[in-house]
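Quick one: the structure is below, and I'll ask about it shortly.
We call the chains A, B, C and D, going by the order they appear; numbering starts again at 1 in every chain.
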């Protein structure tokens, strides 16, 4: 049994904890907690062990039984999945080194924190690594489909426009409410981040933020090395793991309907970890391939984190 | 075993079907289907029997095995839950009569379609009825809390402002995107509809629509007959079935966070069938009681439908 | 000529400056500026004099000719309209006292900063005052209609639900994008704030925030002392200054269409400084009066500020 | 004086009418009206002559003085600007032919209705034409910048992702409220439509709709024939008519702030007829040029319509 701790219990952390609980070869040692809130309360009621990083008294007063502090959690683990806010993972890394344990970081951390990882692209390269970085939801989404296209047809160059959801569904603090906000860095960070996983792919990305909470959308243009047919490309995506073809003919017209579909499928929290490509948006013009793909920012990296745990342990 | 059919497999119908499948004393005979789409496909893959009301060929072409038509479903049932679009239930009623079966209608139908019903308010009154109408999500929400307050303190009069979500999460067709739309009927239909369940309560409602998909919000003002204290009122709501006190101190700041909480609790589809009242919004000024309550339009009537099935069967 | 300075050149400040420029008896000495941006650039290009409160160099580098600092502006004025962010006005007040000039503050400041003011309610009371506080957009809106109703029918008590736009149109930083956020203070501050202008009116307010940028909406319930008829109430509002009856029969169905109407009328910036009441939402039940009113948060206090300048100067 | 009639008085029609009133060489004969509403009322109050196409009585009852019907308007004009809803222009064309007058159509009509037109691209080609079609806002926006780039550097091929605002600000009827909706036609119609104006440009477009009302956004990728430098491209756009460089360094961070800037500039209705390109989003990688441009769907074709009137009259 791999002993796993989860540091940071937000959007990603709570999903990783849920996923660890479902694995036969893993044991969830516990989670860290910053402040008392419904998330921590619910975790505690589910029987998850809580290790407060501060506000210990606040937890106790609220009736949460606590198991120790950050180090008490870490030292019991074989591997920690660090889902702390952007930048905090880098700071925590010293503690992981001190206790001699392995750690999985998220895409918000700089790429120097560990080996960048997308399961179907470079599992073997990270095998046994002490520190692995699961790249961001957008980068993961791009890597999954680009890798498949590259293996089959060869990718000469890529331009992707990343249309980002502005906030997660629970997040009432961030806007915009009624505007499109261009990302004023060019290329956006997504392109270089893809190259941390697929270094030989030439890619340029442009990005903007729109007032929705449900999913990101990518408009991808690829210059192919070999000729492709529409039918073949759709079949390729259909056969690619963690990629799903969705169709207007089945009534899936929007990102909102993808999430409704995920709920109908009985997915926990209405999550859709697969990258969804609309069949009707795949197009070919000469050597160029076009498609639109939707990325569920809350869940697509969860299977990657589970894989990364096993990869770190050398499985 | 009560044999139940579900007519109309949209937002409410699919949840009723799921709920029927969970009951020990009920059997789901099947559902009707209008057109092939991801909802019907998913139901079929779950093993639910499909009875197309039209576009039979379309279903067959799409690989859906079908069991007959509308009448084939109806005649096998003890009771049908009619979740067809507004107005269709009234038309279907003749078929239910013809086949001599009982039916549960939704709040979109006129109140003449059957006895209006909220479980904790008038279960006994509808016992054994052939035709029961589960009132709308907003009316159900108002009835639950008003009934509790009325029993304890006596309600002299009520004014409620209903701030409605404009569309369900999957619905990309309706706006507004950036406006508040007043309901130009006064009182809004919610007040008279409450009186179909609680006829002695004097109530006036005003309504508007806002650009959100997640929950309705009610601002309720009640003139009480007896004196009340804040602590007592909160305790009353806390002890009322299908009503839940939520708290800013637990990090639940908005309707979005209620749904996030429901997901954390593991509720199917992220549903919150309880009416949620913020502890911090309950106020008393002289004989007036104020509170804000959130209503999950997709799910709060689901337990009511299950209760209505049993009530119709005389249980 | 009254010499007027504007401190703070944001949503309100720039509109006050524009309005001052239109008055025959006023002269705009200049405005303060925090940082270089399109607002300051545009003001400079219009010939308005700029007095940076910091980042002087930044202004100069950007080609803005500057006239001095905060004190240089203030000492040339008879009266300053302080539109600085919430709380800053209180701090600036000492400078106004030092230079012996009068000042108008906005509703974000505490009521102790000056005499609270709504032109049609208490002009005479503030005449000649050194420090006047134009109350917030919501409070101003409530005062205008409540004062009119009170004079005609007598107001026994009021409950208003304030449904607030979450951010101004240009503000991309604040959410929520898809949620309703209750105000967790009860009564909301609007009720007590109305009483700083109309102290004898008993009022209780509840508030929430919704994802729109265009206007606030109030659902108002008034217990009247005298009987009223619908026709009379509508006529009363129609004849009340800075209140406007809007109608569904003229195609005005929402807050968005009020702004479209304002644009059609040729109003600068699409502003609607009048409080708009939908004719179809005015209702009477026994002694209770109900109505929905829309408040344009960006502009309804602008005429109040102009009046306050004259009031301060004893006109 | 060119005698101009405006058929259809919606988003575009009312702006064309306003613009015609400002021209020294044009006279506005009048407008058609479908139903009584605030738009027609306001036009009438401004002194514009009203020609109802139906609901004559409704107009009269509402106090609108009318001047005749559709034909009465048309026969007095030299040229009609047809801003009727999509498809209606084609039907009206027979009446224009019957009366022997010229007509300007909008981009919603099929390209066969008249010569497709963007002023700076093909003014000479349409000179004296009886029927001219001002292409849609998105097509106009693409043509303006592509034409400039093509003339300077040569355009080998273009891919653009069109991120569309879902509804105009006044439109409360269309969604989505919280979703991204891909356009399920590939290429989207924008590419072929650009080629009706610039037939030699190879272009492929992908499109999606997002929940905002303020502006469209285009992510443009161009393969250039000649080498370009960043500085040169920005200067080129800066010197291109009806194109405007906007900057984060001036505080313009989003489409919402472009509109705020337009209001500050005193533009009628807060309109921004220029195509706005963010300086910070212009990028070059090898022979590829990237930029993000914002298009104000309500106003960018208004100067094109005015130009088209003169072109039709042979000026």
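Quick notes
Definition applied: a contact is a pair of C-beta atoms (placed from the backbone, for glycine too) under 8 Å apart; a residue touches a chain by one contact, two chains touch by 3 or more.
In this text, all values refer to a predicted model and were calculated from it rather than measured experimentally.
Shared contact partners of chain A and chain B are C, D. Most remote from chain C, judged by the distance between CA-atom centroids, is A.
Chain pairs A-C and A-D differ in how many C-beta pairs they share in contact, with the greater number at A-D. Put simply, the C-alpha centre of chain A and that of chain C have 45 angstrom between them. Between the Cα centres of chain A and chain D there is a gap of 41 Å. Shared contact sites, meaning residues of chain A that touch two or more other chains, fall at 169, 171-172, 176-179, 181, 211-213, 253-254, 256-257. Contact residues of chain C toward chain A in the complex are 166-167, 169, 171-179, 181, 211-213. Across the complex, chain A meets chain D through its residues 159, 161, 163, 165, 176, 178-187, 204, 206, 208, 210-215, 217, 219, 221, 248, 253-257, 278, 280-283, 285, 288, 290, 292, 294. Within the complex formed with chain D, the residues of chain C that make contact are 14, 35-39, 41-43, 169-172, 177-178, 213, 250-254, 256-257, 259-261, 263-266, 268-270.
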